[in-house]
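Labels A, B, C and D are assigned to the chains in the order they are written; within every chain, residues are numbered from 1.
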Amino acid sequence: MNYQQILQEISNEVSTFPNTGEVANYIPELAKVDPKKFGIHLTTVNNEHFAIGDSEDRFSIQSISKVFTVAMAFSLLGDQLWKRVGVEPSGNPFNSIVQLEYENGIPRNPFVNAGALVVVDVLLSELKDAERDLFAFVQSLTGVSDITYNPIVAQSEKETGYLNVAFVNMMKAKGNIENDADEILDFYYKQCSIEMNCRELACAFLHFGENGKAYDHAGFRLTKSQVKRINALMLSCGFYDESGHFAFKVGLAGKSGVGGGIAALYPEEFAVAVWSPKLNKKGNSVRGFNSLELLTTKTGASLF
Amino acid sequence: MNYQQILQEISNEVSTFPNTGEVANYIPELAKVDPKKFGIHLTTVNNEHFAIGDSEDRFSIQSISKVFTVAMAFSLLGDQLWKRVGVEPSGNPFNSIVQLEYENGIPRNPFVNAGALVVVDVLLSELKDAERDLFAFVQSLTGVSDITYNPIVAQSEKETGYLNVAFVNMMKAKGNIENDADEILDFYYKQCSIEMNCRELACAFLHFGENGKAYDHAGFRLTKSQVKRINALMLSCGFYDESGHFAFKVGLAGKSGVGGGIAALYPEEFAVAVWSPKLNKKGNSVRGFNSLELLTTKTGASLF
Amino acid sequence: MNYQQILQEISNEVSTFPNTGEVANYIPELAKVDPKKFGIHLTTVNNEHFAIGDSEDRFSIQSISKVFTVAMAFSLLGDQLWKRVGVEPSGNPFNSIVQLEYENGIPRNPFVNAGALVVVDVLLSELKDAERDLFAFVQSLTGVSDITYNPIVAQSEKETGYLNVAFVNMMKAKGNIENDADEILDFYYKQCSIEMNCRELACAFLHFGENGKAYDHAGFRLTKSQVKRINALMLSCGFYDESGHFAFKVGLAGKSGVGGGIAALYPEEFAVAVWSPKLNKKGNSVRGFNSLELLTTKTGASLF
Amino acid sequence: MNYQQILQEISNEVSTFPNTGEVANYIPELAKVDPKKFGIHLTTVNNEHFAIGDSEDRFSIQSISKVFTVAMAFSLLGDQLWKRVGVEPSGNPFNSIVQLEYENGIPRNPFVNAGALVVVDVLLSELKDAERDLFAFVQSLTGVSDITYNPIVAQSEKETGYLNVAFVNMMKAKGNIENDADEILDFYYKQCSIEMNCRELACAFLHFGENGKAYDHAGFRLTKSQVKRINALMLSCGFYDESGHFAFKVGLAGKSGVGGGIAALYPEEFAVAVWSPKLNKKGNSVRGFNSLELLTTKTGASLF
């Protein structure tokens, strides 16, 4: 498969579409990004690399980080984790509090905000230095040692993150949070403000598609079956209340972030990351979504 | 892969679990079925067949029929269909009316009852003799000519189906139903009361996994891409508000019915149907779900 | 109190406001009414009568009729009635089905559509000829013998009343409806399409405010306490999800209808009916609401 | 009216009912109260006083305090207040966050927790020393100078009040909170932990029923119309999602608190306070509710 040519075609086609959508503006720091940025990096299980555009620019990975933290928590607790957070799509936006009230403070899945906050709560309870371990885990997945978070973005998110305070406290009221709300939120905002580029994300996600291999990074071990289940979660729940559309139109396991990134994988074949900052109303990158739809159309790659 | 031995192991293991759950009792006719029935049929793309237990007994396929009707409607309308019914998981039980009220009478997906009723409305509008065409389609998929519906079950469902009357009328109030409510419901109950056995279901579903082949049955043509999208819908929405669990634990595209059947497929490899009448609280066959979880564990078959 | 002068002042003041809102248009027959119609009739416990404008024109009383039917059902069943329908405001529009699903098919109160349909179900179960008895009851309350319903409006409502079909069937599914859906709806549309004028409505409602008197009309007996409770229901629930506003700004027990009428009463003093067809978004007459707010401001009449 | 004899009868009758319900236990300090406590104090516009039982014991007035704070805020902002908080019953429990999410952070009324928190936000924005003013207002209403709050209860509520943190932050996310969350909550818990006895509460509430009098306490002026509207709010919304029942069975304006108190008034006649710590599932005092139902039955007092 001539992936380089396909990436070129995708880039050409996408550039002819109007650049619709809006850059995430609820976080002042994120609103400053150049809306014309666009990059893709695809890497295969044979260690081939293909890239186009701004694929070496680091950006705020935001919710894509939830894949890393849920992998760590699943490694630590095994299936006990699913007593604290579900594996079902929510049918609601990522920032809805309604189901928490009706469903005893158990978030539907680890990719809605409330679920990711429970995952952080698990990491803080189980690990001596959860922050160090998170960065060790990301370093092990990518082979890159200087990945870190942007403290200005983290601070900016903290200052405007009233809804997340509401989530943590609602869950604490229902008995599903153990640690101090402030500690959880501090960690959460660091995780969300991690900056990576398309290459680094693609390399990290490739590990979730190498099903035949042992999976052990920085001491966090996952079985083949567990890795497959994280993929299933991404497919069911990775794009908020647009997850069904992503499965329907793209057909890969993936995860989006409001920084405009999407990382996805085709098990046993490749992982890919796309970045374009303008988001649709569901909070997913417009051109990122379009690019991946073109990619699976052109390659025939699809889980189905 | 020695599928026959695997089916034998599954049957042995499942029989050691307590036979929990309840036979569907909201339809008097369905409540009469023997709760100890259990059968599996697996067929491969190489036309191999493996079976165990009561795999030749016909049972009421109920919601599994929604895969057939949505395939027909997708063939007829193409992507126009998705203006009338969504492709997102609902996050709610199959018989919830709440989202219809909030979301302008557009059901979340074609596998909740309301969505299946919209699909019937499409068939009645587009086809001269929708009933004849449905059975021709099923005959073409299975190669079996005597498949029909059970008129006693259909009548029984009609007499107790007040919720479905509510769905159709709610959608009619919102402008998303064209045909007469009674006609829609008559067709719907016939579709739900179709009786097939595990072999026939497995054969029918195999066609949704032969991605390389032309797909044309009884005049209903679907492209490779369309077939993949029906699989994506099954994965996202095929098990009501337990769809995430099925993706997580089984990892195949599939569809369940309250008659106790589940049909699923592993593209390019096999299709499988299981039957065990006792249902969990979400309306899915307990032993059917367990059997498919064992099947993918033992074979390594998984979309992910 | 010079009520005639006050009505004149109200009429003058209201006519200076822009005639905003929309005539009910979901029923074609109702949409034909002249939107400039405006009338008030006030009658006191001393049998004085004051009127202005089109107070002798009959109009479709619509939901105001729910006061009559709930009075009949309360007389028949006593407090047993409240096992079938609640006495709490709904917090939702009159045509919402959401609470029925969550609350086992028990409508919040008899003034939302679903609640009024349960009341009809009670009347049909308890009375040999409920239709005859309803008109005898209204005749006894008003002293007028030729009050009847408009069959064209009733038919028009029936043909477009899909939501009401949904309500009845949802409640039937939950076990809270005994009679045939069609019979209930036929009666309900007759009740809603009763035509009365402001004088007749004021006379009828005066009986709900004569707390010292025996209350027995056409064989339907209510105790003083029961009459007070019907007033409490009107105050809590009489104006859909605008009931709090009516209590807050007007401070009387009353009931509105989408025909543009409002009837209200100040116990031991007067009853009043207003008619102006244009409705606000909550389904209440704009000028009717304004007129009653002016009336209680000018007279000091208020329950509080 | 021989009120003393009526109170005696009520006390006798209530004592024959089983003392059902549960003392509020979500606040450890409140759980320590003696569940057998029972007192009533009734005072008339003619300055007569009637009392029975533990009517001189002070208890935690909890949500009854919301009447005082909304009166202050209404005095300060006039009708501008109702842009920040509604006047409609919620149809939901006092601690539900669902409507905040759907309705842009505008609480339904000032007596649900979220609404009371908005009222506090108004007081903190409008007043230099809101705490001092609140106690001056209560002192002026009661003529008692040593009324204060219980700091242990306030602290206890703060430590377990995660839901209230969620409410404030949800509203802050929606733009309906100006002040710091911690300041709002500190004030709110002081207000809720005010301790008063039945006599003091009855005296305070009597002022809301003297409709003919000028109303000015500690500089907070309310017009006759404003006082009536506070009564309307109490009737519509004073008992959480049991407000309709209270209007239906008791027929007075009133407000309950989870400390087991209820204060109510019959305008131009009397005000009454009852205390009995055991609550029903809706959070209202069982014997308090019963006592007031008996009181209006025996006296004929009712708004309707």
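The rule is short, and it goes like this: a contact is a pair of C-beta atoms (placed from the backbone, for glycine too) under 8 Å apart; a residue touches a chain by one contact, two chains touch by 3 or more.
Here the structure is a predicted model, which is why all the values come from computation and not from measurement.
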{"item": "Chain separated most widely from chain A, comparing mean CA positions", "value": "C"}
{"item": "Length of the line joining the C-alpha centres of chain A and chain D, rounded to whole Å", "value": "47"}
{"item": "Between chain A and chain C, centroid-to-centroid distance (C-alpha), Å", "value": "55"}
{"item": "Whole-Å gap between the CA centroids of chain C and chain D", "value": "32"}
{"item": "Chain C, residues touching no fewer than two other chains", "value": "none"}
{"item": "Touching pairs - complete list by chain label", "value": "A-B, A-D, B-C, C-D"}
{"item": "List of chain C residues in touch with chain D within their complex", "value": "86-92, 99, 108-109, 211, 225, 227-229, 231-233, 235-237, 241-245, 247-249, 251, 253, 267, 297, 302-304"}
{"item": "Chain C contact footprint on chain B (complex, rising order)", "value": "96-98, 101, 162-163, 165-167, 169-170, 172-173, 181"}
